[in-house]
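For reference, chains read A, B, C and D in written order, and residue numbers begin at 1 within each chain.
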Amino acid sequence: MNGKPAVVLCSHARCAPNLIDMERLAASVAKSEVLDRLVVLEEPCRAVPETLTAIRKRKVVFAGCPLLKENGFYEQTARRLVISRADWLAINLKADVLDLYQETKGIEGTVCAVLESLGQLLYGTQAANDTAAVAHRRVLVYGSGMSGLTAALGLASEGISVDVMETDGCPASPGCLGELLQNPRLLDDLRDKARRDERILLLPSGARADPTPVEGGFLIRSSGGDAREYGSIVFAPERRETPPEESGAFTLTQLYGYMASGRAVGGRVVVLLDRDGETEPEVFRDVLLAAAHLTRRMQAEVLVLCRNARVSLAGTQELYDECRQMGILFIRYRDTVSVASGYGDFVLRGIDDHTSAAFVIEKPKILVIPGRMGLAPEARALAGALALRLEGDRAAQPDCLWREVNATNRAGVFAMGDARGSRAGAELRESSASLARAIQERLSPGGIRIEEHIPVVNKETCAYCLTCVRVCPFGAMEKDPVERTAKVRASACRACGLCAAECPAQAIEIRNLGSTNLRAGMQALVR
Amino acid sequence: MIVAEQKPIQEILAALPEVDNLLVAGCDTCVTVCMAGGDKEARVLCAAIRMSGKKIRNVETVSIERQCDREFLSELSDKVSRADVVLSMACGAGVQMLSDFFPATIVQPALNTLFMGSTEEAGYWLERCLGCGDCSLELTAGICPKTRCSKGLMNGPCGGSVGGKCEVDPKSLDCGWDLIYKRLKSLGRIERLMDIQPPRNWSRAHDGRPRSVIRKDVRL
Amino acid sequence: MEHAVLVIHCAQAGASALARMRQLGYRLPTSVRTFEMPCTGRVSEPILMEALQDGADGILVVGCRKDACRYLDGNCRAERRAARVQDLLRDAGIGRKTVQMHFTAADEGSALYRAVHGFCEKVALQGQAEEA
Amino acid sequence: MSKLKSGSTLERLLDRGEFVVTAELGPPRSVDPKVLDDKISALKDSADAINITDNQTSIVRVSSIAAAAYLVRQGLEPVVQVACRDRNRIAIQSDLLGAALSGVKNILCITGDHQCFGDHPQAKQVYDIDSVQLIQMVRDMRDRGVFQGGQEIRNSKKAEIHEPRFLIGAVENPFADPMEWRVSRLEKKVNAGADFIQTQCVYDMERFAAWMREVVERGLHSRVKILAGLTPIRSLGMLKHMKENVAGIAIPDSLAERLGAAKDIKAEGLRVCLEQIERLRAMEGVAGIHLMTVEWEAAVPQIVGAAGLLPRPKAA
């Protein structure tokens, strides 16, 4: 038992109970030298501390999704593996990180090979208790909100000492909306636990810190005068929004803060989506949850303004229909809504794309939902200040943070947005993306799954007719007068492939959807 | 640019003789931009012909930059030599140029060439110019009455202009003269409409003779 | 004669509906192959026509519901293109090939199965009609 | 008396300030003159001049000039409509010479309906010149004795100029858009040389009155004689047709309801027509009416008689 768990991330949307024969899986794990236990990790957002400490004691940890828990998948499988209740733990799983199980033939043989490679991929050769690196193992967590505390507890449980720099502002994040509703004291519990853990030091909120990079980490002189060395900084500020009283606009977080504190949010509430960026389906589902809650409990009149009903996530369709039956009005506006806002009194004007009727809403309470949650601006600034090269939009999740720091121990700034929000922003994080592809290739030879990639314009055949510029719903295509061809604005592009289909000269290709291998792929399928 | 539309597939198939080798030739300039005869449409048409009942042994498709320049047409020489019939998806000019360049081969059009016009938005092209050879756009604030008015009047609008629409299609066809009136009014030059325009000189249009332009300084 | 049917589905609701369908225990007939695109908006006319020419007897394009396309109007464009190709096939007298669009929500597994199954029967029927 | 332009009865009556009545007749679709005779006998004594339509709504009929010559032989005075759709300036000028030779003295210059409305929608349209240019051309032929190309109208260089002398009519639709431009357009036609105007059929009396007020303000009524067009409605089908698919005719809802509610719509149509005539006679600047009774020529004598406009004055 060399204490190395094998982690298989399972996405609840597509994980089918009767697809995986757990007995044979457990047997194949037992035979393997690299892996000694099968850990199927779930969304540990709330339960990170228990998750990590529990892993040590349990033989098998099931981590699926609430759906799997409800339909008894875990109990049934545990009985088949003759494991007593004390020996297994069922916890939440991160939704739609991976599409693991599809209809495949001969899954057992392939899974074992995959698990082997997973072992190396995740745990490599780095010795867990490499003393030399310990000195630089202390981590500064900048932000004591949900994400910051979760991260601190996660690191502490791995034997890493953590300083948490208190920050003011609203502690909770949109990411933990549902949980906060069921358990308003969630944040306070986390803070108490952090206070009791001797490896975590909560610095007073006033402590200012100006970090300077040193070999292998950072030297930070806090306002109290003493300087401490840190291996990494975890930047986890909660998004700073002006308080609703001033701006008249709530973020979802503030709304839940209001509700959690028992204050009423009555009258007409307008949820304004897609104004400055596309709303992720996950965020749309949170909005539906919030809207339903506002209507049911607060008897508020809710209007949702959005470009489209993003119900492409399982389970969202019923929620969406239920909201509509409750009388929540969905207005589909196409062009930007003009918001004449003085001090708190908003007037919303626009055209409803479906009924093409104009609408004017005066003085609503507005929920402004951020679009794609990329790297928090403060993190970029800090990274810039420390002259650190940021690896793209790396926003880590609490669950894999301790692995990142633990496995790599690289000096770096890990920007951690709020748990759910940053998950939306972290769609293509390298570690899980490469993992997904590795599993995907082995497990489903039948269907060809296309990764999303930014399109490429073929300069010779592009007729410079600008059709792509006109049809792109995200304004991601623009004309390049120098090259006299179309050009992709990668930041805005969603890689949906519409331009490639509409292009009259067939000059645009999504990298592995190129016309040649696309045609070959089709032919292979059809023959 | 030149705007054209593909002939209905039944017409194309009906006109196609049942030969051994058919070459579908696309054109990558104007007819690509107006989505009538580019590489994309050539591949679709080629697939349709192959799957239709026509007994044509093999159907090949190729697309060149422009079919209205001999230098590009020469690129087709080997493929055309192997083909019994060439179905040209270029505008009328391209089809005729192809026929001139390969006199021994049967060349058939796949498109109906329509007009010189503009791309109003993706998928919407509008006729803007007749090519009358005697432009008077300065009189009508940049809107051509000969093209945009169903009757090509020079002293419009006629009695059938209602709600800014032409009597020929009151739902969707803008009355050219209504547009002219509104723009002249916004430019504050409405009195120009009072001067009576004399009959046009049509001899410079096709009515005069089939036309050509020769620059003696360039063509030695 | 086995009729090759191709299901081109989007990676959003299309993919999760397919997975849901499998999760509910449905099995696609062996003659049905799936091909995933980021969005059905990527399915252009040449793709459809050349897949038909290469041997597919029927193509079912499975996209998100009308107001739920993650890329706003990809599915509406796919519907128009499928209709245009279907008209072209009809006008060219190619009876045995057919293209159809199907809109699905993320978790309508059984509905999707019925749609694919119904489509396969329609393709088979058209196939016999054409041979007769 | 200034030198008469054409010497036609219509011109003499208009110059005398009489309240003129003109009617309209669509020539037959075949060579059988019987239809022509019936219409002529109906209109003979109740109109000062009779318009002959020129392939109205682009539907092929006997040529307006040939039909006009037939009327002249019967002792009536035709107003020949000339459309710009079917003939270029060469054909029109040669037809005008022929018309003058056949005794025609009144011409009505119209643009002509688009061929898509008629029975030959695939025909090539001409529109070499438009109605305003046609007015100017006919006036130049009459007053300057020259063709549109500039040559003089004479058999040879030494021969005398024998120009065709016509009273020039034009049409105006006060209800078409852009509404505020309609009077200026009339002024443009008057500048081009129009002598009398026949308007589109009037149903919205308020709007027509407003148009007439502006015409009078600009003093156009002294430079040109304006006849108000009237078309009595005799069936619900006709009402619906006029309201929906004839462009440029504004039928107010009040009138539509009144006709719809009427038991005998024909009689009601005539009563409406008579009321309109009453108002038009009192309106300043209206020199007469132009009765466009589509295939209901029998109604003309009834209307004109009931309106107290019979017997028609003689030109003498």
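Here, a contact is a pair of C-beta atoms (placed from the backbone, for glycine too) under 8 Å apart; a residue touches a chain by one contact, two chains touch by 3 or more.
As the structure is a computational prediction, the values presented were derived from the model and not from experiment.
Two chains share more touching C-beta pairs than any other pair, namely A-C. Inter-chain spacing, taken between the CA centroids of chain B and chain C, is 35 Å.
Centre-to-centre separation between chain A and chain D, using Cα means, comes to 78 Å. With centres defined as mean CA coordinates, chain C is found 31 Å away from chain A.
Centre-to-centre spacing of chain A and chain B amounts to 52 Å, using the average Cα coordinate of each chain. Looking at chain A, residues 502, 506 sit in touch with two or more other chains.
Chain B has residues 40 in contact with two or more other chains. Residue numbers of chain C whose C-beta contacts span two or more other chains: 44, 46, 50.
Working note: touching chain pairs come out as A-B, A-C, B-C, B-D. Against chain A, in their complex, chain C makes its touches with residues 4, 6, 11-13, 15-16, 19-20, 22-23, 25, 27-28, 33-39, 41-44, 46-47, 50-51, 54-56, 64-65, 67-74, 77, 81, 105-108. Residue ranges on chain D touching chain B, taken from their complex, read 84-85, 89, 111-114, 116, 125, 127-133, 136-137, 148, 171-173, 176-178, 181, 184-185, 187-188, 191-192, 200, 247-248.
By the touch rule above, chain C contacts chain B in their complex via residues 44-46, 49-50, 52-53, 85, 88-89, 91-94, 97. Within the complex formed with chain C, the chain A residues making contact are 13-16, 18-19, 99, 102-103, 278, 281, 307-318, 332, 354, 446-450, 452, 473-474, 494-498, 500-502, 506, 510, 513, 518-519, 521-523, 525-527.
The residues of chain B lying in touch with chain D in their complex are 150-164, 167-168, 170, 175, 178, 181-182, 190, 193-194, 196-199, 202.
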